[in-house]
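Could you have a look at this structure, given as structure tokens, before my questions?
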Amino acid sequence: MSAVISAENLSLTFQTNDGPVHALKDVDLTIDKGDFVSFIGPSGCGKTTFLRCIAGLETPTAGTLSVNGMAPDEARRKRAYGYVFQSAGLYPWRTIGGNIRLPLEIMGYAKSDMVDRVQHVLKLVELDGFEKKFPWQLSGGMQQRASIARALAFDADILLMDEPFGALDEIVRDHLNEQLLKLWAKTGKTVAFVTHSIPEAVYLSTKIVVMSPRPGRISDVIDSTLPRERPLDLRESPEFLALSHRVREGLRAGHSYD
Amino acid sequence: MSAVISAENLSLTFQTNDGPVHALKDVDLTIDKGDFVSFIGPSGCGKTTFLRCIAGLETPTAGTLSVNGMAPDEARRKRAYGYVFQSAGLYPWRTIGGNIRLPLEIMGYAKSDMVDRVQHVLKLVELDGFEKKFPWQLSGGMQQRASIARALAFDADILLMDEPFGALDEIVRDHLNEQLLKLWAKTGKTVAFVTHSIPEAVYLSTKIVVMSPRPGRISDVIDSTLPRERPLDLRESPEFLALSHRVREGLRAGHSYD
Amino acid sequence: ADDVSLQLKWVTQAQFAGYYVALENGFYEEEDLNVTILPGGPDIAPTQVLAGGGADVTVEWMPAALAAREKGLPMVNIAQPFKSSGMMLTCRKDAGIETIDDFAGNTLGVWFFGNEFPFLSWMSQLGLSTDGGESGVEVLRQGFNVDPLLNGQAACISTMTYNEYWQVIDAGLTPDDLVLFKYEDQGVATLEDGLYVLEENLADPAFVDRMERFVRASMRGWKWAEENPEDAAMIVLEYDQTGAQTEQHQIRMMGEVAKLTAGSNGSLDVADYERTVASLLAGGSDPVITEQPEGAWTHAITDAALN
Amino acid sequence: MTALVLALVFWIAAWGCNIWLANSRWRDTRAVRIIVPVLFGVTLLVLWEGIVQGLDVSQVILPPPSLVAQTFATSLDILWTDFVQTVVKGAFRGFAIGAVAAFLCAIAIDRSAFLTRGLLPIGNFLAALPIVGVAPIMVNWFGFDWQSKAAVVVVMVFFPILVNTVQGLKSSEAMQRDLMRTYAASYTQTLFKLRLPAAMPFIFNGLKIATTLALIGAIVAEYFGSPTRGMGFRISTAVGSLSIDLVWAEIAVAAMVGTSAYGVMAWIERRVTFWHPSHRN
Amino acid sequence: MRNLLPILTVLGGILVLWYLSVAPMNIRVALDQAERAGADIVPEGSVERRAVPAWRLMADNRDHVRAGYQLDRPRLPTPAQVGQELWKTTGEMALNGRAWSKRSLIYHAWITLHSTLWGFALGTAVGILGAVAIVYSRVADMSLMPWAIISQTIPIVALAPMIIVVSSQLGVEGRGLPKAIISAYLCFFPVLVGMVKGLRAPETSQLDLLKTYDANGWQSFFKLRLPASLPFLFTSLKVGVAAALVGTIVGELPTGAISGLGARILIGDQFGTPLAIWSALFAAAILAGLLVTLLDLVQRLALGRMGARA
């Protein structure tokens, strides 16, 4: 396996009116091809910032970061990844189909190819038949699936997901987690996934990165001992609970309660 | 123990442009004095509607419902309950103290009494010292505690809470759950609590009501086997997991995934 | 003291010097009158103010008054301090205007708002249509200034001998650059600046008495102003609330106005009246008034006031 | 007097009818939504007629609506000429020129954050000024025909549209813009696929404000010189000859034109920004 | 403060453009004047020159371009000329103790301000009361709102003379009140719209909260709707005061002609003194700026005390 994303001594400090904010400090991490890596940590510990650095949306103030062997900004220009934001962020003036077509239009795909790809990913996220609907006519879970479809529509090997299921209820979330795992298995993409939920992180990942704030750094990296095949009731297994416990402990260490 | 809230054959149908929506259908439920009852169920199953019926904010279309032996609307006029909404819903132009004082002003409490009560409930939710702060100066968890304090400030024996911790992250939520339990134990109020989270429902309740949608009805009522004293790590006990499992099964039965 | 309110036809300027002089010098007071002078403006129709009861008496031009009379508003001329007309058409020589025969095909600036009647009847007497075209003239509704003449938008504009003409001169054009067509000289002069009241009020002896005193004092004011043009101009400036009028301009205006009031003792000259009516009736297809007015003037006030 | 009493009775009856309608079970139907305001308008007219007739108000001060309607019907040719001169030539052309200019300017300015920061406060300030005051200057510069009226309108509508468009272009969310960056989208792609659609609600807000301003500007400018046609010309001349009924006929035209222009704008807005929460049902 | 440099830059740009436009705008007037004074101008005669574009005239008569910057009656005055005129009619007169002279713009600005404030007060009152009626009564909502919009499409200039006649018939002396009515007519609409939005700003959950306390109508108005609407109120007050000023000036333009900034513009036009127009325009702009800034300050203070974020 080769490193798809590798960070060394990565630091990022925001200059704000109230002085500098150390969003990331000396972060070292390697993500291999085909990995599913979850980032978990209290609010403000720099999860989003780290993902944005990978995406080339933010420039680190120190350290090195490479994505597919390139600088992140170059990788962005090469359209190396698909990014899924916390809120679905679909454009309300476009239909679901139109939203999924958006990256394809921008990247200049051929008309006929577009149609195929949209159909393909709609099926992938089980939204066939909703192509002509507008985002606000769909439930939150369906919107979130559409935004995942949008990130899958073009050929990027990396999927960056920032709390994509944060706004959904537990049952819908369970279901989407299951679907996401299937999709990951099928496509073999490398996934970096931010979450607040311990069960979600444990259930999905091959690797769990626990972060702590002020300054944002990695406090634990846990390689999952769970098998690749994961039925939902795996979550009541002792192995699952042990992993959850370790994550919770790691989290609590770096948490203030307010 | 006497029934504080009792519903018999309760139904509520909303007339909408797309035809009638059966938000509640033949709901039977008794809540006893001192109970902590959680309502859990997928989105749209009528949890909020049921709470609003109890509060006299919605009028059932069939069946009977009594609160403290009165009609809900009469109970509302007698200020029989405190209501905590999903979002803290503090008025941004009032300080924390001012927000807690709001129901007291409306109910015409004496000036000096008000001061005492505000101090008292602030202490209860561990917010002493924040009286003069404005809501936005507090974290989400603190705001939620202030809104609980607001519902506690006047003498109502019933506390109705509609997903009060829905917007908070898991760790903060754990912490507030613990505090809420303590408070309940101390005050002996009757609590009706809506949530989406299985662990939260199991951890808090003496009775868990599982609901399912279209039409909204009760699919399971689970009396908790957990002791009244509940440390946080109770949640890794087999008893807890068994209860969780039963709730999850009940939920999944009535769930469509969108 | 009895109250009288006077609505002027235009802003405070030496055109109305007689009334301001009477007010300032206490002539009204001596007649036991408490006079309020209401300045006019481009959108204030004295006729309408009179109809609405906003003033007891108003300064108006006869064509507008007669037109209003036909509209059902019975206005009566009770005095006529202005003997002759100050209106003229001022044209640029370099626009090719020498005589009235050169008007055709040119653009002429005209005041509207009730002041267009003399012009319209003149044009119809000349047989010129006012809808533009080769054989007629193009009419431009002149605004409040003389710019259309200065920047060549119009070949001729309406001016008063006492006011706008001098603004043209002040702007740098010389009398040599200009050709003037005075309405008096063209035989189409109509009576300007008379005093008008509502007919129904004349039935009230108390009102008539007040008007007699008012006209007497006003005419004293006018005669004083004619004799002391500079002082009169200064009095007018005193009352100008806009603060935009200049001394030079007002003194000059007073001098010119004095020439127009000179021939009048305040009493309406019936011959002038008849000439005005004839001119307005002779409007061709579209006359200003359609029938001989009845009772549009009275000598009762002036006869009593001036004897 | 009886007329006045009758009008008052009608007023009370109509108001009662409206109260009943507004609380009836058809209150959300389209018909009631139209009937209630129309009935209210009719009530105003009846009251006006009643007052004028009952108190015997002179028609050179306030003509009754019946007379205005009659004048309206008999002066259609005049009203049409004036409409063409003031609305079609002056207001509409000025509106079109001003709107397009403001729109292009906004897009140009928007490319520079520095210019945007400098221009927004100034634009906001200028949009709040009594710009009608430039009417005499414009008549001096552009002559007495429609060009000067259009110029006044251009100046009046320019700033509200500019400011709203610039604000609208900034209104897309950071996340939505980031999404475009993850696609490595070019400036024009981001402009056409994200920022312009997101700006539409703001742009229409500006356009709606501008429609009412345009009419006022065109009419006021006519007071400072005009050919012998146009709504402002007619209003002023008619006052001078005490044809107040004609004045009201022109006012009616102005109100109809303004209301329909606003209505058309709101209609287009609903089509274009159908996705905006305020327009979803 | 962050915006200071950009604003100054843009202002600087506007000034430069302005100065550059003065020459072509004024060249014809300057040449006419020079020709009358005996200078040789190419081509001769102002009528011939009308066909020649301004840049050609400037190129052929370079010596006279400068004169365009010093005209008494320029088509476009220079900023310096406007500034001087403003200073002459305000600061200088004030220094001489003649601030309240009729020739002073301070006096006229005061007249305009006076009517504006009355109109503003009247318009705001009508707007707020209308909004309360609309929010609390369905009938009012359904019948008033469309007519409020239609009312704004009526050209007030047309109503102005009638308002004057009617108010004088009702025994009101002077022009202050009619102007205030016109100004209120323009002012009430933004206030009404803003307040309707503001009074409807509270979410259902906030209203429900009060219901759980069994609060009455007054309590829910004063404890919830009113405070929730204040940010909207202030925003629309700023629009409203600007509209009130526009209304007063429109009211003064064709009907006043007695005093006030609008009257100065009119008289400046009648006597062909562009500097008077320009200085009155700028005085109006300054007045508008002051009024809006003042309200902005009040807003900051009031909302700050109500816990709004800095």
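Going by the order they are written in, the chains are A, B, C, D and E; count residues from 1 in each one.
Note that in this section a residue touches a chain if its C-beta (ideal position, glycine included) is under 8 Å from a C-beta of that chain, and two chains touch if they have at least 3 such contacts.
In this text, all values refer to a predicted model and were calculated from it rather than measured experimentally.
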Chains in simultaneous contact with chain A and chain B: none
Two chains sharing the most C-beta contacts: D-E
Remotest chain, chain B as reference, centres from CA atoms: C
Remotest chain, chain A as reference, centres from CA atoms: C
Whole-Å gap separating chain B and chain D, where each centre is the average of the chain's CA atoms: 50
Between chain D and chain E, centroid-to-centroid distance (C-alpha), Å: 18
Averaged-CA centre spacing for the pair chain C and chain B, given as whole angstrom: 84
Between chain D and chain C, distance of the C-alpha-averaged centres to the nearest whole Å: 38
Junction residues of chain E - those touching two or more other chains: 157, 161, 165-166, 169, 254, 266, 268-269
Where chain C touches two or more other chains, by residue: 42-43, 45, 48, 51-52, 143-145, 147, 151
Pairs of chains in contact (touch as defined earlier), listed by label: A-B, A-D, B-E, C-D, C-E, D-E
In the complex, chain A residues that touch chain B: 42-43, 138-139, 141-142, 169-172, 175, 196-198, 236, 241, 245, 251-252, 255, 257-258
Chain D residues within the chain A interface of the complex: 173, 175-176, 178-185, 189, 193-194, 197, 200, 273-277, 280
Residue ranges of chain D in contact with chain E within the complex: 15, 18-19, 22-23, 27, 32-33, 36-37, 39-41, 44, 61-62, 114-119, 121-122, 125, 128-137, 140-141, 212, 215-216, 219-220, 223-224, 231-232, 235-236, 239, 244, 247, 250-251, 254-255, 257-259, 261-262
Residues of chain B defined as touching chain E within the complex: 52, 55, 57, 76-77, 79, 81-83, 85-87, 89, 91-95, 102-103, 105-107, 134-136
Chain E-facing residues of chain C, complex: 11-12, 36, 39-45, 48-49, 51-55, 94-95, 143-147, 150-152, 167, 170-172, 174, 240-246, 249
